[in-house]
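You will see two complexes here that share chain A, one where it goes with chain B and one where it goes with chain C.
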Partner chain A sequence: MNDLFSLVDWSRAQFALTAMYHWLFVPLTIGLSLIVAIMETIYVRTGDQRWKNITRFWMTLFGINFAIGVATGIILEFEFGTNWSNYSWFVGDIFGAPLAIEGILAFFMEATFVAVMFFGWNKVSRGFHLASTWLVALGVSLSALWILIANAWMQNPVGMQFDPEQMRNVMDDFTAVAFNAVSMHKFFHAVSSGWTLAGVFVMGISAWLMWRKRNVDMARQSFKIGAWAGLIGLIVTLYTGDGSAVQVARVQPMKLAAMEGLYRGNVGQEIVAFGILNPDKKPGDSLPAYDLKVGIPYGLSILANHKMHSFVPGIDDLIDGVTLTPEGDTINTVSYAERIERGRQAREALGRFHAANAAGDTAAMQAARADITEDYKYFGYGFLDKPVDAVPPVAITFYAFHIMVLLGGFLFLYCLLGIYVSKWKRGWFEKPWLQWLGMLSLPLVWICSQAGWVVCEVGRQPWTIQDILPTRGAISDISTGSVQLTFWLFAALFTLLLVAEISIMCRYISRASKTDIENNNNI
Partner chain B sequence: MGNPLKRVFSFYSDGFRSMTVGRSLWLLIIIKLIVIFALLKVFFFPDLLQTEYDNDADRAEAVRQHLLTDKTSNP
Partner chain C sequence: MTELQILQAYWWLLIAVLGAALVFMLFVQGGQSMLVCSWTEQQRQLMVNSLGRKWELTFTTLVVFGGAFFASFPLYYSISFGGAYWLWMLILFSFVIQAVSYEFRRKRGNLYGTSTYDAFLLINGVVGCVLLGVAVAMMFFGGYFDVARTDILNPGSPVISRWADTHGLELIGHWQYLLLGVAVFFLARTQACLYFINNINSGDPTFTARLRRKTLLNGIIFAVLFVAFAVVLLTADGMRADARGVIRVEPYLYLHNLLHMWWLGIIFVIGVVMVLGGIAVGAFTASRGGIWLSGIGTVLVVVVLLAIAGYDNTAYLPSLTNPQSSLTLANSSSSLFTLKTMSWVSILVPFVIGYIWYVWRKMNAGGLTNQDIEGHSY
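Presenting the complex of A and B:
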């Protein structure tokens, strides 16, 4: 048992390491491509050479990030085939189709127009060059769309039927898979967070240039664009985050309860603005959930259901299977003990189907198939030993969520300040506190972005596919040692690549702090 | 106007020749792709079901066995 848990944990750690590393680059690519397109649009509309230089400076930084990040996502696909082979087979083409579309789009749109972006200055018309830059920005976001659709399906498996003969889920409704509310909110939430990250990145580098008193005019103009991109990104992120919360309350209520460290819910449930969890608290006991908390009355009810007096179930409520309707009536949902029982029945029916298939007993196959279908939505619970096994790591989910929200709030104020300074208080650009605030905000925006993914992925544990396949069912039969070896190999490789990227970027930015950018803008 | 293929070729060759930062980046990309595809993929990340089983029926059977005999559960 220990060996299996160890294998699952190491495989998860390796996947997390690869995904988090990949996500260092992706949001910057998404956001910076948009910011560069906006800057080039200003250049084309005004004909002002300064904006061409500004565009080429940030375009080069986009290129560096793009080059370092490219292909890092492919390693995730390798891991599906090696560490998560049962999952890869089980999801069939539902997962493969969006990834294949992403690959084709990424290759044709990004690769083609990135070349025009970088090599096409003075070789193609201004209009064609600008169109190419916008198409790169669009292509980058469309690539993200298909990846996020695949991820959203794991959180909200819809539009498919399980075929016990093939042992695969077969897509029967592409529209439901691709364009359900969960996937759409996830897409816009992730993409707009990329605008914010890139906006704060532009503000941070600009602040550094102002601090070094070089290319100050370019830095001020860039700071302004960055602040607007960051603020608009945050507004969209807030709106889609609100939509995501409603969807999480609907399809992953256990994740929402873990995000808030909520064990027993109430009508008119408050939201925790700041809190410290009681580390001894376990599901089902009577200990207090928090050592310290500052709550906002009705906040969670409004967030989850958009209704002040609605009920939000906690972890223990969900395990017990007791909840309330938004009108306050008590209803019984399926308890986790019953879900486990029904999941086991579905697995048992799968065994019967297999035996009947081997014996050529068509009637028994049909009966078994009907039994599988009846309980399939709880199939994954059949792998669990006890109800608390379906509870995600509460502390990680809770703190990641609150770090994300607090940093998001700080960044919102920071971007507002950036716009205020750009418009009404330009003298503040020379203030060291503003310059240092810009530079210190750089790591914070990445922490905020990574925390969002931690909430999303740790909060859905133990599921690879919500309610249908837990991580321990998805894992391959491989040795823990081989996963440990590749984990450390990756850690070393990624660290090297990250050092290489940061050093190339710093060298380029450093040159801009010593020379005028018109002499420093070739990729 | 000239040959379109020739123009495309010179577009790319001129672009690559005039690169500054891009030279380091391409070197890094090439090293990275070699490490990913020639080292990691070949030696550390085989597609298990594709390499260990001959056909889809065998692959489905392997997954079925895994899902029905999970060592940590008590169905």
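Presenting the complex of A and C:
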């Protein structure tokens, strides 16, 4: 284990790579399944064959994306075992349950009904086919629900207790694990962002069709549905994003500080609307945090606590220990140096517990158990060498957060504009600037979506489970070379498949656009 | 039995049923391995599309099998996947390339050509079956690992389990493990033939006749390999925990289990007879139903095999390095609370099986015809 840190870094890199690739396809699957279901509903309600053909056009794109989403997803589940085997044992009693439920409730539903969706047009009734399409959309969202519950638990480990005899954590409250505020905000935030991504995707393809003056009527109708899906998604995303920020302030204040590049917090803390970080800034020094910033007064206090004059701690405040009492918030004021010390004490007490257990010394076991319970909430800090090890990469978290917010704001205005044009200014559909805006928004919505996950996951570092287990304690006993090899294999394979997917989609859209999609029964 | 022991046994049964369903559904992989034979283009298209309507179910069964193992026996998940790293990675790679291949293979703009995606299907067909068989064999013949939970107290080297440096490759190169892997491969091919006979309605009697001949050929090879595996297994040493949890090596353990739990022995014999009966029906009669006889038989046999691997304090993942590190249901399961919670969820499993069965019947009604692959097809 001499190469522990290198192994940790490569294991993290592999998980990040596979998760980011997977998240390229998942939000489109989530959103497009809903849009396709809406379009098919219009077909079934009106009996208009044109809507059936429109549905099949978008459904084909859904199918291409769905396949590669499935391909990239299988790795993630098994990576918890292959690359994070300590994690799998240490919290498997809690973390495994949502994954199993996801499989039983969601994956089988998707796998069963997606076959009906694609191959059942002439095999089942219209109503059964529509139900199948909706069940695929439901299955996709159910899948997201359970995996996001699992992810949220890593950010906010609740509903469990540590069992020193088994040296692992065990679940004691399933409801707390599954349906806490963090998980619910995370679920709706991620799923609604998928609606937005798919809405902007539909608008982008429709804009291209209008630019090429092909299937313009269909493009306008699809553009309108995409704009509504995008806007509704964004409204929910904004609301749940606000709720997520409040939860982050409570359970991961260090992540919030990193998101803002905030080292020393204040009462009535401003939020950085735009900023450039000072690259030389380190925790604990006196250098300015920003080279440039544009702030909004009281913004961060309002975002974090919904109170104008509340205190928001910065990175140095948290490391040193907060002495101010924040209004309405519970922020742990224990310094990180003390947390590390108490984490080590918990570990030492656990060692004593085992020695006493082996010797059959019940009294010593009870004493050690009490000590473990006292300090267990800082158990993970015992793995760290120094307080700054608990600070996530600030620059990545900061820029990802601000890119997400800025692009989210742009997309909100864009979807609003899309609805306005669809309803009141249809002549603008012919304007090249609107068409180009639609096409250029395509990469932006993916950047926004990826940035959101970067904030969530990079901001959680160095923890796999907040405060309980850092990445360096969660790994498998494999060689760095093995992980490097699988990293590059995944990188090459997923890149080749991504390029193929984009190529297939472009070719299909181009070919289909040269036909009359609405009246092409073989689309 | 305590409540915890009952739930451990219940969850092992669910794992066994899922594992058995996975082995049955591997007919998709078996079929993929047969696509390279000299079929006409129309026949190949029918075969690909027949499998293409089912590949996701196999894939999902594998994923749920993994998820259920994680939830109910997390120590297995931790040690097996983290230890036999290369074995599992090769399996996963083969399933990744399968997942895109059906959708991409004939799409314009797929960049690498249909033959590349067909090669992916072939790789998954061979590697997926053989290596999953090797992974199951690991449950009987063990792996080279050691477990020390107290290692988590060592911040410099906190991993609680260690495996041989070859990380699973040593299992792939061992004949005992490969024997089951190759047997699974030929079982999958046999069942693929039976599935094609059942599902494809080509109107071409020579195609069906050829499938029947292939059923017989693959079925005979499978039967020989399976008998060899059964002899090796029933004469092999196993490991069992005593009342204090001390694990000891026991000669003929799996034979003892089969005799001791005699009802499993009866089910095993019934299962074997059904598989052979299914092969005979497929090879020698005009019936299309051989897949069901063989499929149900396969499920019964695999459930029994996994049952004797885990029940009666048997170590279902024996450690060849340190027997005391071997995994039993008792020392590797989730807590009582988690097993109980998950058991409530498992009430939904019959409902899931019900809608899968309903949709399967609907979609397979009338079989797959040439007309069916004129629309959206692979």
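Keep in mind that, in the parts below, the second predicted complex is superposed on the first by the 502 of 523 C-alpha atoms of A that agree within 3 Å, B and C clash if a C-alpha of one lies under 4 Å from a C-alpha of the other, contacts with A are read in each partner's own complex, and residues count from 1 in each chain.
As a working rule, a residue touches a chain if its C-beta (ideal position, glycine included) is under 8 Å from a C-beta of that chain, and two chains touch if they have at least 3 such contacts.
None of these values were measured; they are calculated from a predicted model.
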item: Clash-or-fit label for the pair chain B, chain C on chain A; value: clash
item: Partner with the higher number of touched chain A residues, chain C or chain B; value: C
item: Partner chain(s) touched by A:A97 [first = chain B, second = chain C, both, neither]; value: second
item: Chain B versus chain C as contact partner of A:N122, first or second or both or neither; value: second
item: Partner chain in contact with A:L413 - chain B first, chain C second, else both or neither; value: neither
item: Touching partner for A:L440 - first (chain B), second (chain C), both, neither; value: neither
item: First, second, both or neither for A:C506, with chain B first and chain C second; value: second
item: Chain A residues contacted in one complex by chain B, in the other by chain C; value: 1, 4, 60, 63-64, 67-68, 70-71, 74-75, 78, 81-82, 85-86, 88-90, 115, 118-120, 123, 166-168, 347, 350-351, 354, 382-383, 472-473, 476-478, 482, 486, 489, 493, 497, 500, 504, 508, 522
item: Of all residues in chain C, those that touch chain A in their complex; value: 53-54, 56-57, 59-60, 62-64, 66-68, 70-72, 74-75, 77-83, 85-86, 88-89, 92-93, 95-100, 102-104, 107-112, 149-150, 152-153, 155-163, 165, 167, 334-335, 337-338, 341-342, 345-346, 348-349, 352, 355-356, 359, 362-363, 365, 372, 375-376
item: Residues of chain A that touch chain C when the two form their complex; value: 1, 4, 56, 60, 63-64, 66-68, 70-72, 74-75, 77-78, 80-86, 88-90, 92-97, 99-105, 107-116, 118-124, 128, 132, 163, 166-168, 170-172, 174, 347, 350-351, 354, 382-383, 472-473, 475-479, 482, 486, 489, 493, 496-497, 499-501, 503-508, 511, 522
item: Interfacial residue positions of chain A with respect to chain B in the complex; value: 1, 4-5, 60, 63-64, 67-68, 70-71, 74-75, 78-79, 81-82, 85-86, 88-90, 115, 118-120, 123, 165-168, 344, 347-348, 350-351, 354, 382-385, 472-473, 476-478, 482, 485-486, 489, 493, 497, 500, 504, 508, 522-523
item: Chain B residues within the chain A interface of the complex; value: 11-12, 14-16, 18-22, 24-26, 28-29, 32-33, 35-36, 40-41, 44-50, 56, 59-61, 63-64, 66-68, 70-75
